[in-house]
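Please find the structures below.
In what comes next, chain A is part of two complexes: it sits with chain B in the first one and with chain C in the second one.
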Partner chain A sequence: MVSKKNPLKTILFYLLIIIILIPIVFPFIWMLMSSFKTQVDIISWPPKFIFKPTLNNYKRVFVEQHFLAYLKNSTIVAVFAVGLSLLLGLPAAYAIARNNMDKTSMFILVARLLPGISFLMPWYIIFSRLKLMDSYVALILSHMLIALPLIIWTMVPYFKSIPMEMDESAMIDGATRTRSFVSIILPLAGPGIVTATTLSFIYSWNNFMFSQVLSRQKTRTLPIAVYNFLSYVEVAWGAVMAAAVAIILPAIIITMIFQKYVIKGLTAGAVKG
Partner chain B sequence: MKGKGFIDRHYKWVYTLPALFFVLILMVFPVCYTFGLSFTDWTLTSGKSISFTGLKSYITVLQEPRFWDAFKRTLEFTFWAVLFEVVLGIIIALLLNKQFKGKGIAKTLLLLPLVATPVAIGIVWTLFYDPTIGFLNYCLNLLGLPQSGWHTDAATVMPSLILVDVWQWTPMITIMVLAGLSGLSDEPYESATVDGANAWQILRHITLPMLMPTILTATVLRLIEALKTYDIIYSMTQGGPGYASETLNLLAYKYSFEYFRMGQSSVMLVFLFILVLVFSLAVMRIRKATEV
Partner chain C sequence: MKRFLLALLIVLLSFSLFAQGATETKPEEIRVMLANHPYGDLLKEKIPEFEAEYGIKVNYEQLQESQLSQALATEFATASSTVDVFMTRPLQEGLMFIKNNWYSSLADYDFADYPQSTVDIGTKNGVPYIVPLVTEWQVLYYRKDLFKAAGISVPKTFDELKAAAAKLTTKDVAGFGSRGKGAAAVTQMSSYVYNFGGRYIQNGEAVFDSPEAIKAIRFYGEMLGNYGPQGVTSMSWENLMPVFQAGKLAMWTDASVFYGQIIDPEKTAIPKENIGIADLPAGPVDDSPFLVVSWGMAIANTSTHKDAAMKFITWATSQELALEGIKNNITMASNSAWKGASGLMNEELIATQAHAAANGYPYDRPFVTSVGAARDLIGEVIIESINTKGTSTKLEALAKEKVAAVNELLKTDGEYHNLPY
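On to the complex of A and B.
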């Protein structure tokens, strides 16, 4: 409890909190401010805090650089990768939880531990041979390997927390295993599924390395587009920052909406229960 | 219960096989493929077919100073980044573990670096660090300190990258420790207060020991991720200036997709594997040990 008797202590406490939070937030504020600056304002010295905002950077990003197409690509890849991973992962997590298949779960979780590039090199060779480079299929498959272990990681403990009597009582009434899983267990697991979905979506959305190698012009996702933007001869900082805002903002909005679930997902594994 | 269907009798495998099959094809097979390639000196662009050359690539890589530099750099980066993240993360968590106005907002703000796209973060910090127009050199200037080259100078590039990693991932430790703190029981605190223990004694002898499992797990999870750091380094320096910020992951990437020396790149990946697996085994151990 913050001491109520000592106002000086309270003020010091809040000051400390602010000192901690400013460095965390400042890069985001600077990014946002820069995205509304002209190139002249950005390269001026000393840095300007007050300036005449412009929307030209956003115009440049969305109209000239076709960021809507990359936004679409990122969304398609993330939605399909997460959707298909749920389809594979939810029944698997349920069976693992009910039968204590620890080895099976560990086997899938290894994918979360190994460096992505160790799959990426063989994928590159194989997808090239199969003429699947720059295809949604290759990207979705690769992003599924991010989503699936996350779903297993969050859902196995969650299914375990649902008492076994729930499936048994349904099955005594004559329902099949699949029926009781779909109509009884899955609805009960709703919050866990929201956690798994939100986190896998964000991780897929943010992924750089897989898309960097497997996508080209047609399927290029946002992180690659933002990075490529930086390698222009003269860096148009305002436009680059507008692009950074365009990619970070959706992730932040999703996090704000599902904050409780995101925290659950991030802390899963560190804390029991 | 009579006449249970095939799925019901075998649901254990019917439910898990699709996922296992997927992992087998997209993870196990590629990993074996990489392991196999490490015993060849295959170069994708040579046009030659793959031929077994035994330990030749291993010897080439082990004699390459650039590999050992990257190896050392990976460990250094991981060590310093995680050390600062854990210490700062715990301190911030202990501070935030009070009831105060605006706690909800503080927790939301902590989440921002964790979910923001790392490449975009790297780019924002590139502007921050920029030696001529960057905000940080402006701050140094205000304080009357000499300007720094930050990520563009071989002498300061690693600390600069570590700082970005610490900025992005310290909140992760904080959030995990906060979750751990909220799960602690009140009893030991009550009896300690009755016994007249001061705040430092309570922290040292009650809070920290009880938090240990959480701290350990969080640390090892971070260690594994830090070893594999790629996005931020690639987007800020591509391993430069020169090779000054090249870690194993970046080096393996360059060998694979810039030089197309798949055999030698596979050898490096085998080493990265081993590093990550050693740390991962530690996670499993700790998880087992702390499970009641």
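On to the complex of A and C.
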């Protein structure tokens, strides 16, 4: 039997989607529109939805304020912080999962639960004594504080969900523990790794506090650079919006590419099978 | 496993590559911290000229003001500073920085070109620490076209101000605006308090519960409660300025620094000729708007290039650059800058400067070490007054309570009955 769709239901369905989407999407649209507006158009009331677009805000962001340099800094810090965290976190999570080291994982969680600001003063003193202020090393290490526990905590249940028999059969075939981890378990954990990577990348990308204190002119990251548009006598809303677009866009693109893995990864650990 | 270790090694090696970049130093380089202030922008442009003339390399950073304060405080407090010269806000951080010995003495600097009161702000026990850079005072910005349409003239007294606000308030346009957001409002309400004959702090004691101060707080609340824009209790200058620029505000009292912004055709929907600037109206007791040193420049005590730093600060505060500042509508602190201002700057703005310089009071906030906390406390009284349109019956009791709290702060900081004013 072929079921006929009720057109009213279809309309209601899409209407509902639109209603749900509006509060989520509207700020983004507003931001995008404002980034093409002049200051006069931004402050005009009632708000203008039709206006003459200008590229001045983007010019200010990329030409006058050298946002590409900050983009580079953010990318270096995020890529290395996440990469190193994966390098350390994946074997750690595997070990915790296979040996039921729950106390260790609890300990790691505590490090994450402590407010980040409590680390900052000691870090600041240590890094400045080591002459590592305004260096990528300081920023990468500090961002790893966020990325590492996140990766471990995402990956432990994921590794647990992969049956122990996988390791055992690999080892029966002569593989070492390391070999079975690298060749068998890691590929199976692909979606989980992608989830952990994406989430920790976004955390690092958006991090404000650590970069604010530990970076200076040379290694300043994007979220800090937005402050360049808040001055003593002016808030350059258009430029702030353009900068926000420049910050969000890479994060959105990465998330969109990995999205299907993320969702799979988030639910995979939930039900053992 | 080997491959794994190899990867680890590569990453660690690349780390050390990054680390090396940070350690190199060259002689005769100075590090200068500038604020996101129009004068900071001007210096940034001119620094290459200084470098060419003196052969000193200037590594400058420009930061938003609260970030700047935070960055300086962190560097100084952890004794890890490499800063040589920096822009500083005497009223906001001056006392704390002086107390902590973070400024270097400027006894060798020639302060002859500055009004004594502006130098005194940054002086302790006869030693000056801060070169005044920019002053600001309270003014009344107003819409000439709306005044003309309503057939009224610029208010000269608070009574006239109230009458004008009532007349100019329409469904579309708020008649009067001034900062209403608690702590941020403290500076802009100060002139009202002075003109009613009150003070925030007197003889090292909080006195904003005096009958004069209470009258001022009530008047401020009445004006904003009745004629202010919607949501004024969450508005500071960054919210009020766009309202004015969009043409939704007929009068706005705030600091003189915003003049350049509100006449900039790229930022304002109102033609320049419709925007007026006048003295803050006189109160029943006094006519004494605040005139403060909002920005100064100082040398870090920990600087290891003090000679070069002195050369830089002398250059950065020179008469030539001050005149450049005046040309850009920046309200400079030095006397000579104002002598040469006519023709370079808006004449109405110059007139308000002359009035404030002759009659002004050099503080716009409780000038104490815990200024932030004190502002928060006074801010609560202001909000109560605005919310009740100045009629709150609890206002006296609330002010008394906050006065006691501010006095506690003063006692903690050893400033109770121990301030120079």
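Points worth noting:
Note that the second predicted complex is superposed on the first by the 236 of 273 C-alpha atoms of A that agree within 3 Å, B and C clash if a C-alpha of one lies under 4 Å from a C-alpha of the other, contacts with A are read in each partner's own complex, and residues count from 1 in each chain.
Basically, contacts are C-beta pairs under 8 Å (C-beta built on N, C-alpha and C of every residue); 3 or more make two chains touch, one makes a residue touch a chain.
Everything numeric here is computed off the predicted structure, so don't read it as measured data.
Taken together through their common chain A, the two structures put chain B and chain C in a clash. Looking at the shared chain after the overlay, A:205 reaches chain B, while chain C stays out of its contact range.
Of the two partner chains placed by the overlay, only chain C lies in contact with A:216; chain B stays clear of it. Of the two partner chains placed by the overlay, chain B and chain C both lie in contact with A:178.
By the touch criterion defined above, A:234 lies against chain C but remains apart from chain B after alignment on the C-alpha atoms of chain A. Residue by residue along chain A, chain B and chain C are tallied for touches, and B comes out ahead. In the superposed model, A:43 makes contact with both chain B and chain C.
Of the two partner chains placed by superposition, only chain B is touched by A:119; chain C is not. In the superposition on chain A, A:107 contacts chain B only, with no contact to chain C.
Residue contacts after overlaying the shared chain place A:8 against neither chain B nor chain C. Comparing the two interfaces of chain A, the one with chain B and the one with chain C have residues 42-45, 91, 121, 124-125, 176, 178, 213, 227, 230 in common.
The touching residues of chain A, counted against chain C in their complex, run 38-40, 42-45, 80, 83-84, 87, 91, 121, 124-125, 128-129, 131-137, 140, 176, 178, 182, 212-213, 216-217, 224, 227-228, 230-235.
Residues 1-2, 13-14, 16-17, 20-21, 23-25, 27-28, 30-31, 34, 42-47, 88-89, 91-92, 94-96, 98-99, 101, 104, 106-108, 110-111, 113-126, 141-142, 144-145, 148, 152, 171-172, 176-178, 202, 205-206, 208-209, 213, 222-223, 226-227, 230, 237, 240-241, 243-244, 247-248, 251-252, 254-256, 259, 262-263, 266-267, 269-273 of chain A are the ones touching chain B in the complex.
Residue ranges of chain B in contact with chain A, taken from their complex: 1, 5, 7-8, 11-16, 18-20, 22-23, 26-27, 29-31, 33-34, 37, 44, 92, 95-96, 98-100, 102, 106-121, 123-128, 132-133, 135, 138, 141, 167, 171-172, 175-176, 179-180, 183, 214, 217-218, 221, 224, 227-228, 230-231, 234-235, 249, 252-253, 256-257, 262, 265-266, 269, 272-273, 276-277, 280, 283-284, 287, 290-292. Every residue of chain C that touches chain A in the complex is listed here, in rising order: 1, 3-4, 7-8, 11, 15, 18-19, 21-23, 35-38, 59, 61-65, 67, 70-71, 74-75, 78, 80, 238, 241-243, 245-246, 248, 257-258, 260-261, 266-269, 295.
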